[in-house]
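What follows is chain A paired twice: with chain B in the first complex and chain C in the second.
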Partner chain A sequence: MNTILTAIAFLILAPVIGVLVTGVDRIITARMQGRVGPPVLQPFLDIAKLFEKERVGVWQAPAVLIFLHLAFMVVTGLIFFGGGDLLLAIFALTLSEVFLVLAAYSTRSPYAHVGAGRELIQLIAVEPVIILTAVGFYEVTGSFAASDIMNFSGLPVILLPGIFISVVCILTFKLRKSPFDLSTSHHAHQELVKGVMTEFSGSTLGMVEIAHLYEIVILLGLVYLFFVGNPILGVLAIIIVYFLEMLADNSTSRVKWLPALRGAWIITLILGGGNIIALSLL
Partner chain B sequence: MAYLSKSPWILHYDASSCNGCDIEILACLTPRYDVERFGIINTGNPKHADILVITGGVNEQNRSVIQNLYDQMPHPKVVVGVGICACTGGIFKECYNIAGGVGEILPVDVWVPGCAARPEQIIDGIVKALGILEQKRADMSRAEAGA
Partner chain C sequence: MIDANLITVMYVDLYVELLLFLIMFPLIPALILTVLRNENLRGIVVTAGAGICALGSILLLALPVGQNQLFFTVPAPGIALVMLVLEILIAGYLVMVSVKAKQFLITGFVLLQLLLIGGAEWLGLEGHAKVPDLLTDEFSAIMAVIIGVIGGIICIYALGYMREYHEHHKDLPDKRPKFFAILFLFLSAMFGVVFSNNLIWMYFFWEVTTLCSYLLIRYPENGEAVTNAFRALLYNLIGGACFPIAILYILMNGGSEHLGIGSLIAAGPAIALVPACLIAIAGCAKSAQLPFSSWLVGAMVAPTPVSALLHSSTMVKAGVYAIARFAPVFDGQILGMVIALIGGVTFLVTSCIAISQSNAKKVLAYSTIANLGLIVACAGVGTPEALWAAIFLIIFHAISKSLLFLSVGTVEHRVGSRDIEDMTGLAASMPKVSLMMLIGIAGMFLAPFGMLISKWASIHAFSQALPPFGMILIVILAYGSAVTVFFWAKWMGKLLEVRKWEESIEFQISRAEWAALIPLTALTIIACFGIAPISTYLIEPFLVMTYGPISELIPASNLMIMLLMLALIVVLPVLMVKILIPRRNLRRYMGGVTVHDGLMEGSIGMKREISLSNLYLEDLFPEAGLSKYGSLITIVLFCVLLIGLISGGVL
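== the complex of A and B ==
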């Protein structure tokens, strides 16, 4: 019963939390650059505006695929916060990303195609860590079910420090932040125009943005899972991790795709893999 | 409702400007003026843009480019011509390769004269354009409701 309530709470509250997180992100980013920055609700205003605009598109396929991207992102969150199987949630998340890539490929714009290719590379870079995370939680708590992990009384991070650090590194990919914003051109708009999102406009782009709000909450939920025994420590960890992501975002420029892929895999193998091996030896 | 004027995204195109007005537009994004306070973002993508800001007199080679960019922007949209060259062609008006101001090819909503146009003037122009943008959105939704 409790898990159903958290799932419903996720459905309603995730966009609100996502808007607040991205709004604060934009203000702090502006302060880091010596500016004042937009109001906290600016991400909401942007999305509301996108739904007021005309949707330009030669055909319907991208809009349908983007809707599926959003739908599976919501499904991921429902599985995750509803206490379902962690592996199932990860597969739903991947499926959601695949729909975004398919949508970009279906637009036939060269910029969108380059973005989609880079998005796939990012997916390949990120996926091993996320699966290792699930394996790590299984090693610690003896279950893949998110409800069992949430009822775990200890701090999984004590046994999973390597995996935690690799998840923090991977978050920069997932939150589409520099230096790993290869596929969307988060800051440097002119190089790739806007990567995967180049051809989406109006409500289609609005759906991408909403899906991203859900994604942020899911990823921050994953960070929280490492500190599940102590809620205060968990919230503190989320704030610190997100601040580190913003700091990295503002102090680095973009890397090429090969160093990004290599970096992600080296971290995965050494920290993540080493952590799992150490756990199995204990 | 009126979300459009709270989140105007700008597409800036340099139609053979001398770079004088361009750096003034970029100055609007810097800490001194910080137009992101008003939700204004400089995008590079016509599909995401609401306001097309053009600097410089239009030359014969980028005539079709500007038309193409304008056509790719989703409705409602406005055009702002920044600098005296964008308004009339300026000192380049009589050159053989210059078509004249942006008004020659696009319906311009706001003119921002000056050589170079000052950031304060540019921000004023954009704010004026927001009113027109809001008017166009109202017309659009009325047309949709009527159709």
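== the complex of A and C ==
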């Protein structure tokens, strides 16, 4: 019963937490750049504004696909926070991502097309680590069920240091931070306009933003799992990891997709793959 | 209450007749088709023949087997001699064609095999008669349905396709009577492979499938087709040579009663491991694992129905069937893990190669090899859960792949190209076919569709397999699975990338083609929604019979979630489309210099059409380099396997 409550809490609270996280992110980012920055609730105001805009588009398909993107991001979170099978949650996350990519393709915009290709590159750069993470948790706790992992009393990070570093690395991709914001950029008028999102506007873009809020919470939940035995340490880890991501975002410029993919794969293969293989031999 | 076993006993006569019927019946249409020149009559014979095969196989699946494996001895004493004579005739034919084409390596292997099987027959003259000839259980019934239903659908599809094929290729001699006859011969041989208990029988049907694939690949009769047909023949003969060695091994170790698959597996790894590994090598060649894989890619020169047949319901499925059959023998064995690694490496390498391909049929070919690799990996691991995943992979791969091949073939005839780049915006010009393609592709890699459930189960199974091999397989699977997302998703994207609305060109598609595409699409959807009953009523009883009591394979709650996800994908768009639909349609954004949709003005006033192409990453995933290294690794693994077999003091 407890897990169902967590799932409902996720459904309602995740956008709130997501807005707060991105709001604080924007203020700190601004401070790092010597600006004052917007109010904390600015991300919420931005999204609310999007839903008041006129509904325009190139044709019907993108909006429907984006809706599926959002729906499956929520499903991912419900499985994850509802204590379901971690692998199942991962596959739902992939499905959600694929809908975003398909939506970008279906807008028939050249910018979105290039963005979609890069989004897929990012997807294959991070996908292996996420699967390895689930398997790592299985090795430590003996179960793929998120509920069993959440009830684990130790600190999985002690046995999974390689996996943890890999996850921190790929979070930069997933949070769409530079140097790995290949398919969408925080800053408009760059080479790709806004990559996959070029042709989304109004409520469609709003749904993309909401999906991203859910995604942030899911990813931070994943970071928390590494410290599950000690909640204080877990929250602290989330704050530190997120701060590191912001730091990276503001001190690096975007890399090309090839080194990004190569780098992600090599690091995660050695650290992540090495970690679970070594652990299985222990 | 009536005991299920009692019912089974009551049906025994029906069973043996049905099995023999399925093996023998396709020969009747095959014979009729050889002499039939009239196209309409051919249509009737093919449709009726395919329909009867399909119904027969469904009847077999519907009969209650319970948790039994049934064995039958065919009451025909001369049959072993007939088979030997036929084997000699086939060998004679192959020697003839290979000498004529100066393919002396093939001649050598044909003669070697003849020598080996001759020796086996001579050794086993008094022995193998005791072994039941045929067997059936849920697994072979599933295989029979794949052969009968999907194979049958492909035969019907071929009617329309081959007519168009000869309209497009006026220069080729019309050998359709022979073509359709071989298709049915192929089905017969496949039924033989999956129903054989006696390994000598199985070997006979095995060789017939090799012969059929050779003849079908050769069909276009141009230089490339002949070369590729010979390559397919050579590789399958190399692998096939291991089969009679396995039989000889069993006979020489005095266990002629172990010539039956049932008793061989029951005898346990101590006796069965060597022959099982040898047959697995033959299976790897037949299911195109590295380094043998190039024959299946080369087979693409044949007409599309042949590719569909080879990839989904015949040939390659015989290979993985044989390996999966022996899965219990590999459970917990290092040699089993070596076989699993061969499959795993094949999965990873060929998935990577598929990224760099824009030819749709080549993408399908490489992804087939990759999926077979995953099946081999599961079968090599050999635990109940792994075998569960392997059988599901076989089912979903057969359905989705045949659907994809046939829709690509249909598109190819309309668009005039099999290049994925030329499928841009197919959602507009061929909405129904592209929807079918999307369903097929989704079935191949997306959650919660078919194949993904098998991947989910594979990861679960590998995580419990012999360390550190299980984890190595998981790392391979993690990277390989990411790569498959890439090439499938970009293909789906191409289909959806509608540039401008065009007239539908679907009205030209023949009835025979629709008659194949629609049921296959329906089957894909039914199989996705039917995971639970397929698992409960078909696969689990087989696993219980093979392994004894097993723990829960897929928790009901997970199954519920998957079904809900499936329902969401179907229902959500329908519910939401009215609300989400844009009120006003705009042109796409092109940076301010759009002349009209799709036309852009350049810096010196030149107007250019926009053209977009997908990423193929040839530098990162070069076909030649990857095949070379993949082959190298798998050759080393095969050597390890052979050394393991020999150093066990047993060969």
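Some notes on this structure:
Simple rule for what comes next: the second predicted complex is superposed on the first by the 280 of 282 C-alpha atoms of A that agree within 3 Å, B and C clash if a C-alpha of one lies under 4 Å from a C-alpha of the other, contacts with A are read in each partner's own complex, and residues count from 1 in each chain.
Everything below uses one rule, namely that contacts are C-beta pairs under 8 Å (C-beta built on N, C-alpha and C of every residue); 3 or more make two chains touch, one makes a residue touch a chain.
These numbers were taken from a predicted model, which means no experiment stands behind them.
In the overlay built on the shared chain, the residue A:I124 is in contact with chain C alone; chain B does not reach it.
Once the two complexes are overlaid on the shared chain, A:R55 sits against chain B and chain C alike. Within the superposed three-chain model, A:Y138 lies in touch with chain C and out of touch with chain B [touch as defined at top].
Shared-chain residue A:G34: touches chain B; no touch with chain C. Once the two complexes are overlaid on the shared chain, A:L87 sits against chain C while remaining clear of chain B. Of the two partner chains, chain B is the only one touched by A:L45; chain C is not. The larger set of touched chain A residues comes from C, when the choice is between chain B and chain C.
Shared-chain residue A:E199: touches chain B and chain C both.
Residue overlap on chain A between its contacts with chain B in one complex and with chain C in the other: 54-56, 193, 198-199. Every residue of chain C that touches chain A in the complex is listed here, in rising order: 425, 427, 446-448, 452, 455-456, 459-460, 463, 467-468, 470-472, 474-475, 477-479, 481-483, 485-486, 489-490, 492-494, 496-499, 555, 557-558, 561-562, 565, 568-569, 572-573, 576-577, 580-591, 610, 612, 614-615, 620. Here chain B touches chain A in the complex through residues 1, 3-4, 6-7, 30-31, 34, 36-39, 42-45, 47-48, 50, 72, 74-76, 137, 140, going by the rule given at the top.
On the side of chain A, the complex with chain C involves touching residues 54-61, 63-64, 67-68, 71-72, 75, 79, 84-85, 87-88, 91-92, 94-95, 98, 101-102, 104-111, 113, 116-117, 120-121, 123-124, 127-129, 131-132, 134-135, 138-139, 144, 193, 198-199, 203-204, 258, 261-262, 265, 269, 273, 276-277, 279-281. Taken in their complex, chain A has these residues touching chain B: 26, 30, 33-39, 42, 45-46, 48-49, 52-56, 185, 189-190, 193-194, 197-202, 205.
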